[in-house]
Amino acid sequence: MPLSSVAANASEQEIPYYQSVGNECAMFEQAFQQRLPLLLKGPTGCGKTRFVSHMAAKLGKPLFTVSCHDDLTAADLTGRYLLQGGETRWVDGPLTRAVREGGICYLDEVVEARKDVTVVLHPLTDDRRMLPLERTGELLEAPDDFMLVVSYNPGYQHILKSLKPSTRQRFVAMSFDFPPPAVERDIVARESGLAPERCAALVNLAASLRAMKGQDLEEGVSTRLLVYCATLIGTGMPILDAARATLVEPLSDDADVQEGLMEAIHATFG
Amino acid sequence: MPLSSVAANASEQEIPYYQSVGNECAMFEQAFQQRLPLLLKGPTGCGKTRFVSHMAAKLGKPLFTVSCHDDLTAADLTGRYLLQGGETRWVDGPLTRAVREGGICYLDEVVEARKDVTVVLHPLTDDRRMLPLERTGELLEAPDDFMLVVSYNPGYQHILKSLKPSTRQRFVAMSFDFPPPAVERDIVARESGLAPERCAALVNLAASLRAMKGQDLEEGVSTRLLVYCATLIGTGMPILDAARATLVEPLSDDADVQEGLMEAIHATFG
Amino acid sequence: MPLSSVAANASEQEIPYYQSVGNECAMFEQAFQQRLPLLLKGPTGCGKTRFVSHMAAKLGKPLFTVSCHDDLTAADLTGRYLLQGGETRWVDGPLTRAVREGGICYLDEVVEARKDVTVVLHPLTDDRRMLPLERTGELLEAPDDFMLVVSYNPGYQHILKSLKPSTRQRFVAMSFDFPPPAVERDIVARESGLAPERCAALVNLAASLRAMKGQDLEEGVSTRLLVYCATLIGTGMPILDAARATLVEPLSDDADVQEGLMEAIHATFG
Amino acid sequence: MPLSSVAANASEQEIPYYQSVGNECAMFEQAFQQRLPLLLKGPTGCGKTRFVSHMAAKLGKPLFTVSCHDDLTAADLTGRYLLQGGETRWVDGPLTRAVREGGICYLDEVVEARKDVTVVLHPLTDDRRMLPLERTGELLEAPDDFMLVVSYNPGYQHILKSLKPSTRQRFVAMSFDFPPPAVERDIVARESGLAPERCAALVNLAASLRAMKGQDLEEGVSTRLLVYCATLIGTGMPILDAARATLVEPLSDDADVQEGLMEAIHATFG
Amino acid sequence: MPLSSVAANASEQEIPYYQSVGNECAMFEQAFQQRLPLLLKGPTGCGKTRFVSHMAAKLGKPLFTVSCHDDLTAADLTGRYLLQGGETRWVDGPLTRAVREGGICYLDEVVEARKDVTVVLHPLTDDRRMLPLERTGELLEAPDDFMLVVSYNPGYQHILKSLKPSTRQRFVAMSFDFPPPAVERDIVARESGLAPERCAALVNLAASLRAMKGQDLEEGVSTRLLVYCATLIGTGMPILDAARATLVEPLSDDADVQEGLMEAIHATFG
Amino acid sequence: MPLSSVAANASEQEIPYYQSVGNECAMFEQAFQQRLPLLLKGPTGCGKTRFVSHMAAKLGKPLFTVSCHDDLTAADLTGRYLLQGGETRWVDGPLTRAVREGGICYLDEVVEARKDVTVVLHPLTDDRRMLPLERTGELLEAPDDFMLVVSYNPGYQHILKSLKPSTRQRFVAMSFDFPPPAVERDIVARESGLAPERCAALVNLAASLRAMKGQDLEEGVSTRLLVYCATLIGTGMPILDAARATLVEPLSDDADVQEGLMEAIHATFG
């Protein structure tokens, strides 16, 4: 029998590995205790999603994750009536489930969602902490162990896609960045199974590749791609082949940029 | 059994705290007595929603709050036929409920709603005070204790999103701003539980942060964020950490602006 | 039992007060007698809607009023099949009712409606005077006592929102403006209950405020707002407070414009 | 029992009055005999619709008129399945009826319709003369007495709204303009009941008003408006009042243009 | 009983007349034999549709023609579930019918169709030759006698409407143009019944009119319009009247361009 | 009985021919073994689709191919409730089938799909490897033998259509190009049946035609078109006729470009 949608009961699983690099765990915990909503900002693949999974498990709360997109509407979060077997049945969306059952609802890349999502978030993020469900006629009050977490990547934001101040100013906020070298080395080693000393070289390489961001690259290489690279190297694949497939091709289609990236790789791995 | 949608019967609850700073309470009361619709203008988080909750409770009237958004249509306010259990049933929207039962209907950020909302508001905001429901064939006359309140933030308005004069000129209007220092200090202290003398420093800080609006900041720091900051400080969190998470990160993603904000914070808290 | 949608039988009600200022009553009556459609042009709140109510009552005809908006379609005027109690039932829209039963159909701000509305109006506004209902297979012929009245505010029109000549040239047309001072004074006094001599000062003030239109104001102050102002003054509210809430805040969000308006008010009321 | 939609059986009615001004009647008749589709071009209110009604009656064929608009789709012309009384029933659109029963289908302002209308017209306007109804699985062959007539006003066309050559080149085409003075005088007199000699002055006036087109006026005054004016004059209304309401206000909202028009009227009627 | 939708069984009809002007018949036949899809390019009314009808009949295969337009979607080609008489029934679209039964599916002006049409064409136009029907769960393999033919007019193409290389490069392609004079003369004579020597003058005229294309005319006069002109001349209509209605008015609304065209006509027919 | 939609069980079919030119087979296999998603980049018709078919068959896994387009939504991939025979039945989409049954899901030209597709891909392309089906309430965990492969053509990408870094950085990536001459010669010979030595000339020609890309051609000639050309030559068609129909007309509508292409062809085949 399948698990229920996007919920994973924390008590049945181990705590996902997360290597803290600052006061982010304390801040998350205080926000949870004080029933304040939280906003995470940071680049692609720096560990925001993993951090939320980690904290949810640590607090022993179920996590409801929603990846937001252009067509995500309020109903996708709150629920809708579905026709099933001739019967009309209300099906809670992930936000409603989190409010009803308690737990953490995480809206990843929230600026991508359609604007009517805001209307659902506002009464949940002020002192009312309420979720009105117009369709069912319910007015749900969030329990003390409900927490709303949203994230976005400030590097993507443009004029049409940004949180309005009236929404932003409802959140306690934190900025994330890639972890410091020693931490990232351990993460890559742990996830890929490659020896830490071999991962250290990859992390050094990442620093020089990330320095190219803004000039030619939209986004620096993520920790995830370092893990991919280390994984392929671990299978015995030649380092340059693995690096091209994981640190060059996924970052750019431009021949000049790719050449620049390969030069940095050659400089590291010769 | 759940409460009915977005309505909260005032008689069953205490009056939400609101610290008056001018003649706004008298004006609201006279508009209510004279059956005139009211328009509230002001920046994010300055207390408009709280003010309306306060007045509704003081007048002993139920409050129906709707946060408006890009996809909010007239039917979201008036109601629609829903298929439930094989039966087609009309379900009143919050505006219809307020007209039918009496009470205050508050449309927050009304300029965000779709244009067909206007058509519903017009016959309710002239001497007719009527709500025609084409779908049910009803023509509801608003009772004497029905009041329409709308709000928006003039700082956001742009060419495509503004109230037409033919709509604006149907409302008695008031401008809101952040409360004076002593009042704001008391509000922050009351909401956060932090001692008033510690809150006073935060309110002073807010004044200097708000002075940066228009240059680098889209919107000044709200009273709500001051409450968040005081709340986190109250848990024992270092002041600078709390201030960064509540007064800097929620206001801007720009590194230079953030630095400017942090300088002002350092100047206050050293 | 509810009244039927947007129709108000004139014979059951008194004639709404309307103070004529030119030949508009005669023109309306002749257009009605000659079965010609009528177009009313004029600024916000100058009394177009009231005038139509007045004439409908005077002619003893029911009035079907529709406030047009961006999403108003032909079906909103003509009718649609609704599912009610498992049965599919045709429900006449307000235009169809006016054609079927006789009476005046008034489309307020017609340029706001969607373009398919035009297709419904064309056969009703030439010598055919017919309303084809494709969905029901009916071809209704308008009775002699059917009249179509439309209005718009020329000040709002822009390139995308205007009546095409092929539509405009189907109407007899009249321009409305604010009433002359003595008339407006009597209207304000009658509606607000304030003494006429006190209303006269408000009407004088309106003239100077209206002179600012086009420079800083999109639209001059309406008669309706003068009534609001007089009403609040009548409750004992200080004149400057009442004037700010009814003659300044509803007209503009701009601080400089508001100051200009307040100066004119001070000059009148000292 | 209601008449069938938009069809008027010519044999049951007299032939609508139409004053020919060139070879248009012969051209229409030859196109009908040779089974060629016809395109009429010309300004607002010059008599295109009346001409088609006249020819349909003269040829003894039913006429199916459709006023095209932005949201008119192929299904509006061909038909659709409707749910009626629990039964799904196919209902022919006006074009399908004309093909099935024979007769003239007239699409007024065809460039306004949505682009999928073209797909329906193409197989009807080449040597196939067929109307495929995908939904019912029928392939209707047009009878010899089916004729398609379309019209548009070249003055309105812009880049996004025009017939593609692949559509235009399927039609025999004719340009219409306002009738010569003597003919227009007789038309106005006949329609309004006003004496021809009084109408002659109106027709002279129309010439000078039409000369202003292109400079300040989007479109010259139509014959229809002259009839309106003559009708109001016939009721005893002052000429200048009638002229303002029918020849000035329907043409322009601009004060300067209105003044120019009134000057021309004063010059004629003093 | 009606024929089935858009299919015409070739064996029951004579072969439509088509005058070959190059190797187009051989190319079509080889493409059919080798199971390669075919793309026809060429101006309006030069005979592409007729050519496809001719080849379908010559090969003895049914022809399924679809005129593409802005709103044509994949489902219009493949089929959909329709509610008929309380039953949900799958109805094949023309493309599916051609794949299921064998035959030629011709998509006229394919660049006008919506982009999701491409997804249906791709697996049919590579070595897979398959049509997946997601809705019915079928994966149809095209029989050897299925052929896909598409066409467009290169003169219309603009940036938003063109075939992507990944689609274009799936077709064998041919360009069409108007037939050489002697051939066109015979076509016009055959279709209109006018004597060939009188048609020759029209064909000469067409050459000079076509030379004006690109300067003032979007598209040169089509063979179809020459047939129209000859047809009207054959009824005894004056040549200049017939030419104006078929060779001038359908080509342009511009007075100067029309005059230029009429001059060329006068030069030919005096 | 038809096969199930877009799935082809590899065990029942021979392995499609694919001529490897680098380490692409090893990379694909390692990505599959390590459960990493794969991104293929390259021009039209260079063999990406064939490569995926080949690898799926070699690994003995079913392949689910989806050609993405502007209107492809997440539901097209995951599935939807369909009304069939009065029953509401959930029908898995191709992605869901691949996750449920194991196998390779290949999204061709993924950048063309609508943005909500991203939300489905994200949880499948990080360490979660999960597919949440909100509509059915299921949370599917991908089996070890599930693999996601996506492709796009970097030459097409523009500002509005590109993969966001947060999506790109979830894939191991490889660039494809046309095969080297000897390999391409063998491919063309094998597919068309033409003798390899005659195919060699075509491959040489392709090199000079591809050199024109970027200047006048949007895309160089594909291997597929070379196969078409060889196929037609094999039927005895003159080489220049075959080349024009397969290597010139499908590449460009521009007369100058076509002439340039023909010159290159004449230079080769004289």
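Per-chain residue numbering starts at 1, and chain names A, B, C, D, E and F are given in the order in which the chains are listed.
Here is the rule we use: a residue touches a chain if its C-beta (ideal position, glycine included) is under 8 Å from a C-beta of that chain, and two chains touch if they have at least 3 such contacts.
Values in this document were obtained by computation on a predicted structure and should not be read as measured data.
Centroids of chain D and chain F (each the mean of its C-alpha atoms) stand 53 Å apart.
Averaging Cα coordinates per chain places chain A and chain B 30 Å apart. In chain D, the residues touching two or more other chains are 86.
If you sketch which chains touch which, the chains form one closed loop in which each chain touches exactly two neighbours.
All the chains close into one ring, and from chain A toward chain F their sequence is A, F, E, D, C, B. Residues 2-8, 44-45, 49, 65, 67-72, 76, 82-86, 91, 93-94, 108-109, 112, 153, 156, 191, 218-219, 221-222, 224-225, 228, 231-232, 235, 237, 241, 245-246, 249-251, 253 of chain C touch chain B in their complex.
Residues 23, 26-27, 30, 33-34, 36, 39, 41, 73, 81, 87-88, 114-116, 118-119, 122-123, 126-127, 132-139, 154, 157, 164-166, 168-175 of chain C touch chain D in their complex.
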